[in-house]
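What follows are several structures.
Look for chain A in each of the two complexes below; its partner is chain B in the first and chain C in the second.
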Partner chain A sequence: MGEELLKVDGLKVRFKTDDGYITTVNGVSFSVKKGETLAIVGESGSGKSVTSLALMGILPPNGEVVDGDVTYKDKDLRTLSKKDYRKIRGNDISMIFQEPMTALNPVFTIGFQLREPLMLHEGLSKKEAQARGVEMLRNVGISDAEKVMGRFPHQLSGGMRQRVMIAMALSCNPELLIADEPTTALDVTIQAQILTLLRNLKESSNTSIMIITHDLGVVAELADRVIVMYAGEVVEVATVHELFESPQHPYTKGLLDSMPKIHDVVNELYSIEGTVPNPAEMPQGCKFHPRCPFGDEECVQTHPNLLNVKGDHAARCIKLAKKELVV
Partner chain B sequence: MTISAEREVIVEVRNLKKHFEMSNGFLKKTKTTVRAVDGLNFKVYEGETLGIVGESGCGKSTTGQLLLGLMEATEGEIYFRSTDLASMNKEALRKARKDLQVIFQDPYSSLNPRMTVGELIGEPLVVHGIMRGKALRERVIELMQLVGLREHQYDRFPHEFSGGQRQRIGIARALALNPKVIVCDEAVSALDVSIQAQILNLLNRLQKELDLTYVFIAHGLPAVRHISDRIGVMYLGKMVELAGRDELFNNPLHPYSHALLDAVPIPDPKFRKEHELIEGEIPSPSNPPSGCRFHPRCPYATAKCREEEPEYREVLPDHFIACHHPLLDEDTSIVPATH
Partner chain C sequence: MKYLLKSLLKTIPVLLLITMIVFVLMRLTGDPVSLMLPENATAEERDTLRESLGLNDPLPVQYLAFLGDLVKGDFGDSFRYNMDALDLVLERLPATLELAIASMIVAVIISVPLGILSAIKRNSVLDLFITGGAVVGKAMPNFWLGIMLILFFSVTFQLLPVSGRGTLAHLVLPAITLGTGIAAEMTRLIRSSMLEILGQDFIRTARSKGLRETVVVNQHAFRNALIPVVTIMALQTATLVGGTLITETVFAWPGLGQLLVQAVNLRDMAVVQAATFIIAIFVILSNLSADLIYRLLDPRIKYE
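And then the complex of A and B:
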């Protein structure tokens, strides 16, 4: 680990709506290192999914990146032509989504959809591609791979479809896999299978994984490092152990405390007051202050910067700088 | 709340079945039967929360709908305070339904978008002809305050609220008729973690204040463990295990329950571990396996499991299970010992 594969610096994304522009990602910076699994955690409206779509250059038509740099191995992705971007998307960076049904084409067989990128990106013949396709399905734990190659997406179960998606995403040996809520729609026993698959993948091929999720359980299982997002900003960055052991930002701490624990039952859960702010009516200063137990006048006035706590552990809270916060 | 034999049974389900007939194939000539719920027996005690968990297709939501009388059972009986719901005449059923209310997963699709919050919460009272005018408005405001909504939101529409607030509207509406039992069907599953905690706390508080009984149906195990007193695990239309909450988590006896609990990711990287994966997928309920329905995926399956359906029985006090080879003598705890 060490070499930075993907570097995002000051990413800002806005959407055009009937009521004018709203900014949903506001100055997000992070990097994904070679061979590491980075988790981006946040609740709905935190901007975590929009961040990943912006990286891949697949924002919906009303969205645009207005500022920031996205560098992949010294290549500036933002200045890339559509054609060159597509090359990177197939060969170097792949993506899997929450609901594989919407990402698979319903009118083509699994085999057709698996062979296509191999023939396109790697120049294989149809026969070679078929053999590779079967092998890839086996690698993701599908035993009757030949049979599945002839099936249509609707004939497969949700877990099976997600496996096919992963096989497809891995077909051109990407260096970076972006997984947006890959197990959210799956049953828990199937989720365990997919998480194990992703973990093995990382060990066997040293693929970097960027996983976007709201589930802190999934984060704890899979991630090396974690980024916590709130209202379009990174509020905390830390290694997975640091984050769970000594969370620094009040939001992170609140999030961890409000989870029902399967091994430690409490009578009353901690809960963060209020709701995630609407991007059209962002609070002044620190965006978390209206819900923060430590929020005061200063938090309303000052927008805090990310502040290093210890090593690579950083959090966005002014109370940390003044050592007023004992978390 | 502890499990005790003296507590009063408020709902009892005996041999409950719900089969759906489906037509498939060319000219819809192939008839198949989906056995969504296939022989359930359980009791719900007054004042408790019975959690029902299971994966897709296990029949947990169908069970909830049957309890509410939203669909008719194919076979079996549901007793509410020792009277069979099916034997009730219309008037008695109408009364019983006041006592049995529901909270759905997605309050947005269950709330009429053209009605204001006040109208939505008051509707059950109007439909049952209980209140009108000023008294109605007062009662609605009382309900709103009970669930943490404010009076000035009375004339707002559901789309103006966030998911958590909408769930509060759904809860207020369910409480309007002073029910005894509330079926919570995936009531917190669609909510963000921080909002889920608010709603779980609210449900707990309301249960104490209003003496409610909950049947809490969900697939999210941490939430179910948090709120339930007893938990039943369903698989393909059958109850495979039912026990007190801690008993189930510390000592799961059915191989499926064990695998299900083991698969839940623990939100603490210290406990990162290899999961004991169960193989394969959940079979279709239209063509369930013979014998024990879990046998094709079960690591302990024998010939007996393939042929003979295991009886649902009480193996330990208040611990029910349907399995030929329960994990009785092993250390089955899925919960890390030290924390």
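And then the complex of A and C:
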């Protein structure tokens, strides 16, 4: 580990809406190293999906990257030609989505959709792609793979569809797999199976994984490093061990405190008060201050920078610089 | 196959009902005899003719007699043309079908690319132009468009025949006249259908695979967007078989529309019955084929 595969620097994304432009990702920087699993956590609306779509180059038509750099290996993805970008998508970097029910095209068979990237990126014939597709389905634990190839998405369960999505995403041996809340829409037993699949992938290959999740349990289980996002910004970066052992940002602490602990008898589940601010009405200064138990006048005035705490562990809080925050 | 058979059986009561309605309407709205005989015919002469045609029998009796002939394929003779009414209608049918198919082809050729284009370039100047054009195309009356086309292509530039049927060249202007209105409606439909589909998750998946945008749009999106469009296409085809009177008149096109209107005016009952029957069959057939294509396009619809 160590070599950087993907580097995102100062990424800024805005959307055109009826009420003008809103910036939903604002200066996000991070990197994914070869072979590592990076988790991105944060509440709903913090900009996790938008970040991943931006670096895949598949933002919805009203969204655009207005600033920052995305570098994959030594390629600057923002200035890459459309054609060269397409060669990376689904091939070097692939993605699975939160909603397996709607992520597959309803009018094409699983086989058709699975063969597509193989024929496109690997130049396989239809027959070869079919064989590889069957193999990919077996790898994700679908035993009657030949039959499933001939099925349409609506004939499969959500868990099966997500397996198909994973098989599809892995079919061209990507260097980076982006999994955007791959288990959120599934029931608990299926969640566990999908997570096992991802863990096997992590252990058996050198594929880097960027997993987006709300679920700190998933983070603990899979991730090497974690990025915590809040209101379109990275508020903390740490190794998974550091994050759980000594979280620095009050928001991260809130997230950890609101995590149900199996061993404790918790009477009342803690949750952070308030909600993620609407991108159109971002608070001044530190974006978390209205919800922060430590927020004061200074936090309203000053927008904090990411501050290195220890090694690569950094957090975005001015109290840290002044050592006022009791960790 | 079983499904097809079942649907075909279901059409029989519909056809029966249509013959009944036409029958009653024709009998109640006027007396054919007065039009069949010269103005100075006596009341006696009229009554004799009426009696010989069976028009003095009670309506139900007349209808049953009509049905009895119908199952033998006999609609009676046209008193205007003095020939078998069904033959008369079937003689006109090819002209009507030819024009209907040609108009649909024109409509598809215009609407598919324009609908897709305005969807992927939504809110652009081009989109505005296309949707604006669709409104104009829909609002334009067929007789006016037909006459304008004749003036331009036939009179001024003498590129195409003014009227009549015969060569492929004769077909061009009437097909454009009829196709334009349909194209306008279909363009708007394809645009909105495409817009809805392009926002779906599976389109994002298709892009994330690295597919070219043309493949994403023309294959992944269009195959889905087509599903609601097919229904409208079938309805339009049915309309074309039934009612293209104005265009037929402008271009002197010897189709069913002209024959039917003439027959209604003359109370030529046998012809009206035969024409409505044949038109009804085509309306039913186009609906049925829409249903079949629908099922073919959308695997989520189960048979039965």
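The rule is simple: the second predicted complex is superposed on the first by the 326 of 327 C-alpha atoms of A that agree within 3 Å, B and C clash if a C-alpha of one lies under 4 Å from a C-alpha of the other, contacts with A are read in each partner's own complex, and residues count from 1 in each chain.
Note that a contact is a pair of C-beta atoms (placed from the backbone, for glycine too) under 8 Å apart; a residue touches a chain by one contact, two chains touch by 3 or more.
This structure is a prediction, so every number in the text was calculated from the model and none was measured.
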* Just chain B (first), just chain C (second), both, or neither: which does A:Ser44 touch? -> first
* Answer with first, second, both or neither: which of chain B and chain C does A:Glu36 touch in the superposed model? => neither
* **Touched partner set for A:Val240, first chain B, second chain C, both or neither** => first
* Touched partner set for A:Glu175, first chain B, second chain C, both or neither -> neither
* To do: Tell me which partner A:Leu256 touches in the superposition: chain B (first), chain C (second), both or neither.
  => first
* Check whether A:Ile190 is in contact with chain B, with chain C, with both or with neither, and answer first, second, both or neither. => first
* To do: Would you sort A:Gly90 into first (chain B), second (chain C), both or neither based on which partner it touches?
  => second
* Asked: Touching chain A in the complex: which residues of chain B?
  -> 55-56, 162-165, 192-198, 200-201, 204, 219, 221-223, 225-227, 245-246, 249, 259-272, 274-275, 277-278, 281-282, 335-336, 339
* **Complex contact set, residues of chain C against chain A** => 122, 199-202, 204-213, 220, 223-224, 227, 297-300
* To do: Give every residue of chain A touching chain C within the complex, in rising order.
  => 53, 56, 58, 60-61, 82, 86-91, 94-95, 97, 99, 102-108, 116-117, 120-121, 152, 154, 165, 168
* In the complex formed with chain B, which residues of chain A make contact? -> 43-44, 157-160, 187-193, 195-196, 214-221, 223, 240-241, 244, 254-256, 258-272, 275-276
